[in-house]
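Presented sequentially are two complexes of chain A, the first with chain B as partner and the second with chain C.
Up next is the complex of A and B:
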C-alpha cells in the first residue's frame, strides 16, 4: 500500500515551490497580475461556478498566465451565473456572464491573452449616485 | 444542489459574509444511528433573535442585492426529505452554528461529492480565515486545519495551484483511509 500524504510531505514540496515562486517576476506585486473573481453565491454554485473556478486555476497555470483566481459573493446577476469578473492589469474590470468552461477557455485565449472582447460581457449600465 | 459539498460551500459563504475569522466544518457519519451530521460553526457576527426563525424562509435574506435567500432553505429541504432536520444556533457577536442532519442510508441523501475540492478552494480563496475540517466515521477521524498547513508552508502561498493540488490529494487519501461514505 502506498503511504498517504501528510504535512511532512507538504514540507518536502515546499522547498521546490519556494524556488519556483522566487523565479516568478511579479509574485509580490498582485496589481501586475491578472485577477479573476468567480461569483460563488447559491446561484453561482448551483450553476457550476466551482468547476469554472477549478478550470481557470488549472488552465491559467498550464498556459503560463500569472493570475490570481479567487471567489467572491453575489454580483447580483443570478440570471447569468456562473459570473466572473476579470481584471487585466491597467484595464477596467470586465464582468462576463454564463461562463461555462468552454467560455472560460475563450476568455483566456482571446480576452486575457490578446485583449479581444468576447461575447457575454455584462455591461455596466448605471453609475451609483452618492446621496 | 447535487452534492452536499456544494451545500457546505454555500453555508460557509454565509459565515464569510458574517465576517467570521474561524470556521469549522464537521461531518459525522454514524451507521448505527443511520445519521449523516454536518455542522458549520463560525465566529461571525451572529444572527439576531428575531431573524433566526426566518432564515430558512426562501424569501428572507439579509442581503440587499435581491430579495430571495435560498442557501439554507435548499439544505433544509434536502435534510427533511431524508428524515433529518436543520437547526441553527446563534449568539449575536459570538457566532453561528448550522447543524444539519440527514438520513445516512436514505435514497434521497445527496452524495458528499467533491469535499476535498471545496475545502482546498476555501483555504485558497480566503487566506485570512482559519478553516478546520473534521470528518468522523466508524473507522476513524480525519482533521484538517489550515493553521497547520500555513505553518508547514512557511511563507509559500496557499493559493499556489500546486499547493491546491497537493491539498486535494492529501484530503482525498486521508478520507479514503477512514472509509467515508460517498
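Up next is the complex of A and C:
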C-alpha cells in the first residue's frame, strides 16, 4: 500500500472503498431506498429468479439507483414466477409477475425511475407482517 | 473484485469468540464454497454487536436478519436455507420474550430500538482488522479536515461547544482539558489513552478497542494536533489480549497508509502511538497512578496539582482521556458540535455506553442518549429482570458508585442526576440486582474489591477501608451492633474527606448509598439478626420440623459435616453448632420437613 499523501487522496480512496461496504450502509436505512424482494423458492429459481436478481443488482448500481435487493421465499404466485416485490419509498409495495431480465429492465426504467405503471402487476393478496 | 449480494457479519468480540465465532466464520466460508456461493456472499468478522446475552451473533445483510446463539453446526443450514433459498432459519431468530414471536430484523428488537450508536458506530459493522473498511466509513476524514482545514483553536472551540465530558467517570469537560494541555509551553507533550478498564462488570472500552480501534487512534492524533504533542501512548491492561492484538494491527495499517508517522496527509504534523501494558491494577485507572505505572514505577497516585496537563508523563504536559471519550471525537468533528449538543440533556451531551450485567435478561453493551431513564434501560432495552423476579437496585459506577433503587427508576441518567442520587456515572457499568441480593453483602463485596485494589499509599484508604470491611463482615455474621452502623457512616465520611486519590475518596460510596437506600435491611441484620434475601448464611438456621419428619435418614446421610442425628423412623435433629448451612439436607428431603429460619 502506498501512503496517502493528501486529503484529496484520502477522499478519493474513501469513494472507492465505500463500494465495498455500500451494501451494509444501505441495509442500515432500507426505508429510504428502493427495496426489491425476489421470490427465490424452488419454482422461482427454476424459472430464472437468480438471473433476474443478479441483473437487478448489477443494473440498479450501473444506473445509479440506490436500492436494497433481498431474496425471500415463495410469495405464492407460482403461476407467474419469477415474482418480485418492489417498494419505492413512500409508496405501497407492488408485485410484478413473470419478470424476465427484459421485464426487469422495463420496471427499473418506467416504474422505479418515473413512477409509470407497467404490465404484469399482480394484485397483492397478502399483507406483510412487519417483524 | 467480486460483487457480493449479501454480507454475513459474525461477532468477533471476546465473548462471542469464546463461544467459537472463529469456527463459525470458517464453517460459513466452507458452506459457501461447497455451494459455489463464495462470490455472492461475503463473511466478515466484526466487533461486538452488544447483544452478548445471546451470542454468538451472525447478522445477514441486506435484510438485517439477526441470528442468535449460532454454533458452527448451524452454519450449513444458514447458507443452504437463507443465502441460497432466501428462507430465514426461524429457530435461530431472536424470540421476543413478551409475545414469544420471532423477530428477524434487528431494527425491531427492543434491545436496539432505543439506542443511538456514536461511540459504538462501527462496532458490529466493520471489520476492525481492516483499515479500508474504517476509511470507507469516513475514517481519518476528521483527522484530514483538522490538519488541513482547521486551526487547533477552531477544533478546541468545537469540542467545548459540543459539551463532550470525560466518559471515564469524572465527567470533566473534554475541550477544556485539551485546552489546559495546549496552554502549557514545553518541548515535548504526550497524549495518553486510558484503557485501564477495571470496574467489575464493565467492558465498554474493551469492546470499542476490539471493534473499532482506529477511531481511538484517529482521535489521539487530533488531540496531538490541538495540544502540540507528537507522541501518543495507550495504557492497556495485559489481560485484554484481543484488544491489544487488534490495536497492533491497526497501528501497523495506519502507519502503512501514512495516517500515523511523519507529515501526515502532506501536512507538517507528525504523530505516532505506542502501547504500554498494565498489570491490571484498579488504581492505575487514576491518571497520576497510570502515568507512574507507564514510567516504570509503582502504580501509585500522587497529589494533584500539579495536574498531568502541566506535569505528566516524564514530567511533560500530558493529556489523558478514556477510550470512549476519544471514540466520540472524530464524529463530533465531522458532524459538528451543534449536532452532538442536540443529543442528551442540558449539562450532559451526547450518548453513554453502558455494560448491562447482573440479574437482567439482556446482558450486553448498549449506547443510549444521556437523559434516558433507568426504567427504559432496564425494562425496554434490558428486557427486565431475570426469571420474573422483583427489581431491587442497580449499581452504577462500579466500586466508586452507589446503588439506585426503584424510586430512581424514572430519573433521567446523566452525570449530575446520578451524583444527586448518591451514585455516579463511572465508566458505565450497570449491575442489576433483584430480591435475592442482600444489600449489606453487596456493600461488603465492593469493599472487598477496594481493600484488595488499594495501593496502600495513604492511610485512610489502606486502613480505613479494611476497617469498613471488617465492620460489614461482622454485620453479615449477625454480630453487628447499632454502634457499628454509626461507625460505618462516620468512618465512610472520614475516608471520603481524607483519602489521597479518587479510589479512596469514592470507595465508601457503596456503603453510604446502601445505608441511605436500604437502612431497614441493615437494621434487620443488626437487631433481628435476619437477612431477608437469605444471603448471609451465618444468620440462617436450618430446622427439622419433627411432625413432618418420617426418619428416612436421607438428610443425615447427605450432610457433609454429620450435623444431623436421629434414629431410623424417628424425627431427626440438626446440631446448629456443627451445621455449615449448605442446604444439602433441604434438597434431599422428600417430605418438606426442613425449614430455613
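The criterion applied here is as follows: the second predicted complex is superposed on the first by the 97 of 131 C-alpha atoms of A that agree within 3 Å, B and C clash if a C-alpha of one lies under 4 Å from a C-alpha of the other, contacts with A are read in each partner's own complex, and residues count from 1 in each chain.
The definition used in the following text is that a residue touches a chain if its C-beta (ideal position, glycine included) is under 8 Å from a C-beta of that chain, and two chains touch if they have at least 3 such contacts.
Just so you know, these numbers come straight off a predicted model, no measurement behind them.
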Request  = Tell me which partner A:24 touches in the superposition: chain B (first), chain C (second), both or neither.
outcome  = second
Going through chain A, the residues touched by chain B and also by chain C turn out to be 4-7, 9-11, 13-14, 17-18, 21, 40-42, 45, 53-54, 57-58, 68, 70-71, 73
Chain C residues touching chain A in their complex are 1, 3-7, 9, 61-64, 85-87, 101-105, 108, 125-126, 132-133, 135-138, 140-141, 144-145, 147-149, 256-259, 265-266
Interface with chain B, chain A side, in the complex: residues 4-7, 9-11, 13-14, 17-18, 21, 40-43, 45-46, 50, 53-54, 57-58, 61, 68, 70-71, 73-74, 76, 78
In their shared complex, chain A is touched by residues of chain B numbered 1, 6, 9-10, 13, 16-17, 63, 65-66, 69-71, 74, 114, 117-118, 121, 124-125, 148-149, 152-157, 159-164, 166, 169-170, 173-174, 176-177
Given the complex, residues on chain A that touch chain C span 1, 3-7, 9-11, 13-14, 17-18, 20-21, 23-24, 26-27, 30, 38-42, 45, 53-54, 57-58, 68-73, 130-131
